[in-house]
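Order of writing sets the labels: A, B and C. Residues in every chain begin at 1.
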Amino acid sequence: MSVFSDIFFGGLFQGSLYAMMAVGLALVWTTIGVFNFSHGVFMMLGAYFAWQLVAFGLPVVIAFPLAVIVMAGAGWILQASVVRPLIGRPNIVLVVVITTLAAGSLIENGALTVWGPRSKQLPSLIEGNTTIAGVGVSLHQIAIIVITPLVLAALWSFLNRTRLGLALRAVAQNEDASQLVGLNVTALYGLAFAIAASLAGLAGIFMGGYRFMNPSMGADPLLKALIVVVFGGISSISGPIFAAYLIGFFEAASNYYFGLYWTPALLFLVLIATLMVRPEGIFASRSRGLA
Amino acid sequence: MTLLDIAIPSAPGRVTWNREAIGFVAGFLLLALLPLVLGDSYSRHVLIMIFIYAIVASNWDLSLGYGGVFNFGHLALFGIGVYVYSLLAKVAGIDPWIALLASGVTSTLAAVLVTIPILRLKGIYIILVTFGFAQLVMQVIISQSDLTGGTQGLVRVPGLYLFDHNMIRDGKLAYFYIALALLVASTLFLRLFVRSRAGASIVALRDNEEYAISRGVSLVRQRMVTLAASAFFTGIAGAFYAAYQRNASIDVFGMSLATIILSMVLLGGTSTIYGAIIASFVLTVFSEAMADFGAWRPMITALLIIVIMLVYPSGLVGMIRAAWALVTERIKRPA
Amino acid sequence: MSESPILSVEAVTAGYGRVTVLHDITLEAGRFGNVGLFGPNGHGKTTLLRTISGLVAPKSGHVVFDGKDITGLSARAIVATGLIHVPQGNKLFPDLTIGDCMALGAYSPRARPHESENREKVVKLFPKLAERWRQRVRTLSGGERQMVSIGTALMSHPRLLILDEPTLGLAPKIKDELCAAVMDISRGGVPLVVVEQDIEFLLELSRQLFLVDHGVVKTEIRPGESIEHSEIMAMYFGH
C-alpha cells in the first residue's frame, strides 16, 4: 500500500510542477504560434525575484504574489523585444527559437552576475511535515498539490468565462478575423506571454521552496515542459495539463520499478513512440486553439 | 578578408560553377596560409574550433535551410561522433582513423533512424521529436556510465596520428590542417550535394511539398537522404573534436552548444552553406575577442545574436549580399 | 441624392512586400447607396477591402471614411469608427461557438452598449444561428459559417458594412437565403460595399458599380446609366 501511495504522491507532486510549466508554454504556442525557449529561465527568474523580495524583508504572503506580478511584466517585455518584431516573418518559428534561447542565455547569465552562483533556498509555502496513507510528505508539497489545480482552474475559467479570455482564444485561431472584430492583437500576444511568465514564476517559487535554486535551474523543467506539451498536444491547454500529471505518475512509477537512471530514457522512448502513432499528441484536437 | 572571398553569394543557378570554384579555392587557400601568419598555438586552437563549428553548422544548414527539416537533434549526431570515436579508440582500441570514419558512419545511421518517427510530422513537432531524440541519446550515455563515464565523461581519449609526426609539439599545426581538410571535404560535399538533382528536389520539397510529391519526389526518401547527408561530416567532426580535445563529455548535448551552433546557422543566413561557415568565424572570433569581459561575454554574445536576428532577417549573408550589390553597382555605374 | 460620399479611396497604392496590387486606385462610395465591386479574380478587390479596413497599410494615397482620414489607422481603430469588414471565405474561429463569435463581434467599446439589441437583430435575420448557438463554427455548413461571419459583423454595430464575396461557393438555396438577408441589412439602413461574382445579385443590390481590373477602377457605372447583364459580361471578358 505504501508503494502505491508513494507513487501516487510523487506523481501528483511532479505532475503539478510540470502542469504549471507546460500550460504557459502551450498558451504561448496556441496564441502566437511560437515556442518560447526562455520559459525555463522565467521559472528561475520568478524564484530569484521572490528570494530577493524575501531578502528585502517582505513577508512571504506579499513577496510571492509580488514576484508573480513582476514576472508578468518580464514576460510582456520579453515578448515586446524578441518576439513581436518578428511577427509576420516567414521563418518566425525558427527565428523565435533562437531569439528566445539567446534572451534566455542573457537573463541566465544576468542572474548569475547579480545573484552569484551560490545556491539559495526559498522559504516553504507551509513549514512542516505530515504523514498521509503511510507516506511522509512535507506540507509544502501538499500546498503545491492543492494550489496548482486551483490556479489552473482559474486560468481555465479566465479563458472560457471572460470576454478577455475569449479574445485570447480568438487570436489563437484567426489573427485577421480577430483584427476585424477590433481585438488588439499585439496586446493579447503580450498578455499571453505575461500569463505564461507568471505561471513559470510561480512554478519557480514552488521549486525554490524544496530544492536549492541556481541560475540554471530552469533548464530541466523547460525540457520536461516541452515533453509534456508534445505528449499532450500543443493545440490546447487541457491536453498538456492531463499529460503533465500522466507523465508525473509515469516517472514516479518508473523511478520505483526501473530506477532513476532509466526513467528519462524510457520517457523519451515512450514519447517518440507516441508521436509515431499520434503525431498531434495523445489529447490533441485538430487545430490550434485554447480550450 | 578571407571571409569575403568565400562569401561570394551563391544560389543555385546564379553563380556559375567556375566562379564558385575560384572563390572556393581562393578562400580555402587563404585559410591554409593562415598558420604562416598566426604562429601561436592559441590562435591555431581558435581556428581549429572554428573549423569544427563550421562543419557542424554548415551541415545543419543542409537539413535546416535546404531541407526545411527542423532537426534539433543535430548536435546529438555530433555527440554520437564524439562518443563512438572515444569508445572505439579508447575502450575497443581501434585505430583512431578507422574510429573517425566509423563515427561518421554511425552518425549517418543514427540520422536515418531519427527520420523514421518524423516522416509523418511537420514543423514544430519535428523540433520536439528530434529534441527528444537528442535527450534520449544523452540519457542512454549517462545511464551506461560503466562504459561512457556517465556525467563525468571520458578522459585520455587517444588522439589522431600522422605517420611519425609529433602531434603535440608542433604548435597544433597538424590538427589545424586535418581540421581544415575536413572542412574543405565537408563544404565540397555539401555544395556538390545542394547543386545536384537531389539538392534541387529537396528544395522543391521544402518549398512546395504537395507539388514536389506530385512530380514524383519521394518525401520519405528525400528526408532520409537529407538527414543522412547532413550527419556524416557532423559525426566526423564530433570524432575529430574528441580526438583533438582528448576527452568526451556530455556537454556536447547541452543547450548552450546547440544555441551557439544554431545561431551560426541562422546568423549566417540559411540555405547558403557558406553563410554558416562565415558565421562560425565571426561568432567565434567575436566571442574570443571578448574573453576579457568574463561573465559579460555570454550576455554580449546573446545580445548580438538577438540584434542581428531582428535587424537582418536573412543573416550575415544577407548583409554581405546587400553590401556586395552596393559595391558592384558602384563599379558598373561610377558616380 | 448627392450627399458627400461615406467612403472614398483616393489614389491608393498598396500590396504585399515588393508586389504592388493596387495601382493608384480611386473611388467614391455611398453617394448613391450601396456599392458593388466586381472584376476578375486576383486583380485587387480583396486587397482593396483589406486596405480599407486596415489589414494592409497603403504605400500611398488616402482612405476617408465619413469625413475622417483613416489611412494608416490600425484595424482596431477602424473597427471603432464603425467601418466593418466581413472577410472572404469562412475560416472564422473554428473552435469558438456561435455565441462566442457574437460576443466577440460586440468587443469594441462602440458596439458594447448595443449588444443585446444587435443580437436580437442577428437572431431575427438568421434564425438558424439561434438553434445552434452553442455549436462550434467548425461543425457548421459553409452557408451557416457565412451567416456567422455576417452576424459577427452586425454585432459590431456597423455604420458601413463591407462584404467580400458573401455567396462564394454556396449552394443555390442557401445562397438565395443569404442574398435576401443582405438585402434586409441594406433596407435596415446600413450602407454596403459588396464584392461579388454574381452580377445579378450585385445589380439588384447596388446602384453604383465599379469594375476593378489590374489594380485600378476600369469602369464606373452610376445610377441612371442603365446597363445590361451582357454588357457587364463583355467588360469582364473583353480584355
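Simple rule for what comes next: contacts are C-beta pairs under 8 Å (C-beta built on N, C-alpha and C of every residue); 3 or more make two chains touch, one makes a residue touch a chain.
All values reported here derive from a predicted model rather than from experimental measurement.
Among the chains in view, A has its Cα centre nearest the centre of the complete protein Cα set. Judged by contacting C-beta pairs, the busier of the interfaces A-B and A-C is A-B. Taking the mean of the C-alpha atoms as each chain's centre, subunit B and subunit C sit 52 Å apart. Subunit B has its Cα centroid 32 Å from the Cα centroid of subunit A. Between subunit A and subunit C, the centres computed from C-alpha atoms are 42 Å apart. In subunit B, no residue reaches two or more other chains under the touch definition. Taken residue by residue, subunit A touches two or more other chains at no position, since every residue touches fewer. For subunit A in complex with subunit C, the residues that touch the partner chain are 163, 166-167, 169-170, 173-174, 176-185, 285, 287, 289, 291. The residues of subunit A lying in touch with subunit B in their complex are 29, 35, 81-82, 85-86, 89, 91, 93-95, 97-99, 101-103, 105-106, 109-110, 112-113, 219, 223, 226-227, 229-230, 234, 261-262, 264-265, 268-269, 271-273, 275-276, 279-280.
If you check the complex, the residues on subunit B that touch subunit A are 64, 70, 116-117, 120-125, 127-129, 131-133, 135-136, 139-140, 142-143, 255-256, 259, 262-263, 266, 270, 295-296, 298-299, 301-303, 305-306, 309-310, 313.
Residues of subunit C that touch subunit A in their complex: 53-55, 74-76, 79-80, 84-87, 91-96, 100, 103-105, 107-108, 111, 138, 152-153, 156.
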